[in-house]
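After the structure tokens below, expect a handful of questions from me.
Note that the chains take the letters A, B and C in the order they are written out, and that residue 1 is the start of every chain.
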Amino acid sequence: MRTLRPYLPVLVLGVLLALAPLFVTSNVVLNFLVFTLTVALAAQGWNLLGGFGGQFSFGHAAFFGTGAYASAIWQMQLGFDAWTGFVAGTLAGALAGLVIGFLSFRAGLRGSYFALVTLAFAEVFRVLANSSEVTGGAAGLLLPLKIGAENLQFADRATFLGFVVALVIVVLLLVQWIRGSRFGAQLVALRENEEAARALGVDVLVVKLKAICLSGAITAAAGVLYLQYFLFIDSGIAYGTWISVEVLLAAIVGGLGTVLGPVVGALALHGVGELAKSLAGGLPGIDLAVYGAVLVVAVAFLPGGLVGIVRRRDRPRPVRDAAPVEGEA
Amino acid sequence: MYSADIIIEALLNGLLTGAIYALVALGLTLVYGVLHIINFAHGALLAAAMFAVLFVNQILGLDPYVQIPLLAVIFFGLGYGLQRLVIGPASHGRDENILLVTLGLSIIIENLLLAGFGSDTRSLNTDYSFAVFEVGPYLLGQARVFGAAGALATAALLWLFLSRSDTGKAIRAVAREKIGASLQGISVGHVYAVTFGLGCACLAVAACLLLPTFYVNPRIGSAYVLVAFTIVVLGGMGSIVGAMLGGLIIGVVESMSGLFLGESLGQIGIFLIFILALLFKPTGLFGAKA
Amino acid sequence: MLTVDNVTMRFGGLTAVNDASMQVKAGSITGLIGPNGAGKTTLFTIVSGFLKPTAGKVAFEGETITGVAAHRLAERGIGRTFQIVKPFAGLSVLENIVVGAFLRHPRRPDAERLAAAVAEKVGLGDRLDAPASSLTVAGRKRLELARALATEPRLLLLDEVLAGLNPSEVRDILPVIRSLRDDGITILMIEHVMQAVVSLCDEVFVLAQGAIIARGTPAEVVADQKVIEAYLGHGAAARLKGGEAADA
């Protein structure tokens, strides 16, 4: 029983999200949820590398776009089906992670340098996708409308939302499991202090590579979701800086290195963004300006993110990570 | 293939553009060298400066070059305030936090520009915008020539300021040994803010020099920020001479890859150089130590 | 168990370790002492795989390990602590130690059990859930020791685990170190606290200006003229002797 308890919050969140379509019929809200959870999924990918592993990427668009493009090309140019396209896109994201990770981590890039090099990789991918034939060039790729579960296209938004929720829950459970595993402990250890981790037998390069592959795969899966929902991508959407920024924001605002943080962060962020948009009367960019302000405020005042606020209130209760009282008194 | 004349002309134009890029990078490398932070908002601040030039031109009808002193002072103040009131306090002195805070600032600036000016791409036409100097068989845009001269003059002024003035000496002292300098009675917080202000003033000058030939839109900052980072990494983080040389190199690379790869794919040259420099020569081409 | 043969380490023009050789016998507590800046920590850094020496050879249990990466050496059974402690500040005490325990126990329950046992051994048993950042200096030194122990090393390199502790804290931790040897762990320790070196070490090597200048039992080394001069300056031994003669 004890081993199942850590998974409880994820399951509760899953049930809440899964029930949402029963109460919400408005297309606007369903759209909001699908899009926000897609970003949340991508953000969970970022969080695995950035939150748990401490390697801040500014270029997760490289994975999001690779997932979306790989699946689109798989279906449109190679003629395979959408479900295997989903797998192909996810694997392509892992592969992109392996390549970028191998090059940057082996060169010893950390901190700001790693952030910048990932940004540059994403930009290279964007320029390539914008000028290559197979990606449809500047016009982008329009996935043919073929409604049917076998094509991963659903007639109603609620069903698609169900699929997205299921995927989010699976990934959250995976991350919760990783958190308790040896790999997870080693990943967090190298975030806290690389030298100390090495002295304890952690193969820093291998752990980082595993993390960036998984991270790339998860974010790429979100890219495939985006493709299947909107049925259109171009280089500015798939490899654009917007997604790199959103995933990092969602994870940081929600709570770095927490399992629920990215979902909470994405929901809060998009909620605030929508609010700002409606208040500002459709002034362009105002929601994003608010995002930027939220980021600055979160870094300044919320080191544990939104999830951290709840945690702090938990302290007095006799929970496991809340016992630093004895000995200090 | 292209004739030698076309290539040489592209080379010369690349050098001229590169000199202005160098000025943009100068601000970034100065801030890095003293504060040891990467200012991700550098590009967005440049975009803001370019819009300021447009705005002042529309309101007061001032020529961009005439605006240089005015905008340099305004942006110095803006930079001073940003560092003192926002970046310093919000980042708690942690490297990643500074990167995130300046990223946040760049998002805010970019989107406020978008909200204020719309997403249209604009340019500012002056009498000399399309005029050229004929140097032998080569045609050089007058605005580029003026821009490059202005950029080099600004760099020289900055160099003089850093090496001769008391404030410049304090800046260099803090860059070298922060704690030692503060023991000497130098206010590190003030010096940081002055340095950040100088970095922003460089941007204001660069904006005035850029606008007669370069267009601007709210999203332009993200393109410039990568160019500036590439120059700074290539020249060695914190090195002023490196930034100047790196700027010239990048100007030429951009011009050449545009010529040979075309407008769309041409952007890739700079990004590739950036990645290669980070992966294989993170100390810069000219820098000895990181 | 560990042999260091003619190891030299240069950084640019500076020679930090100069042709140093030493041996650590299995089952012993061996001390490495010397004045500040003698190159002790550099030598440790080389032995533990964080630095590749400019020249020379390091062998562990008969196999050459020169230039083998630090994490591989940890797998092979060399544990180390850092002079400047490096706790995983954001994690609890238990979680810190668990990282080490995971090296040989891939399943969490096993790793946690070992970590708790090690914590008990070094006297952190009642602080398992405390954040590492809340520990005192002495607590952090214990944590440093506990993490290394959790990797179940056969050779343990201790870099000034006693530095910065007050005399009563030193007195508390000495038996812990002694008990490790009784558990069969060979120990090589850099130490400045001479009282501890004398009471713990079977054999001592003295490093000065990058070179080994003396070896022997603690008593022999302490009386060695070269050692006294290395610590107190040229001619000090003679002056000390003169002082003793005058006292007599």
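Just so we're on the same page, a residue touches a chain if its C-beta (ideal position, glycine included) is under 8 Å from a C-beta of that chain, and two chains touch if they have at least 3 such contacts.
Values in this document were obtained by computation on a predicted structure and should not be read as measured data.
If touching chains are joined by edges, the resulting network of the protein chains shown is an open path.
Contact count check for A-C and A-B (C-beta pairs in contact): higher for A-B.
Chain B and chain C have Cα centroids lying 50 Å from one another.
Here the spacing of chain A and chain C, counted between their Cα centres, is 43 Å. Centres computed as Cα averages put chain A at a distance of 32 Å from chain B. Chain contacts: chain A has no residue touching two or more partner chains. Counting partner chains per residue, chain B has no residue touching two or more of them.
The part of chain A that touches chain C in the complex is made up of residues 180-182, 185-186, 188-189, 191-193, 195-204, 320-324, 326-328. In the complex of the two chains, the chain B residues touching chain A come out as 38, 86, 89-92, 95-97, 99-101, 103-115, 118-119, 218, 222, 226, 229, 233, 262, 264-265, 267-268, 271-272, 274-275, 278-280, 282.
Put simply, chain A touches chain B in their complex at residues 56, 58, 103-104, 107-109, 111-113, 115-117, 119-121, 123-124, 127-128, 130-131, 138, 241, 245, 248, 252, 280, 283-286, 288-289, 291-296, 299-300. Residues 48, 50, 69-71, 74-75, 79-82, 86-92, 95, 98-100, 102-103, 106, 108, 111, 126-127, 129-131, 134, 147-148, 150-151 of chain C are the ones that touch chain A when the two sit in their complex.
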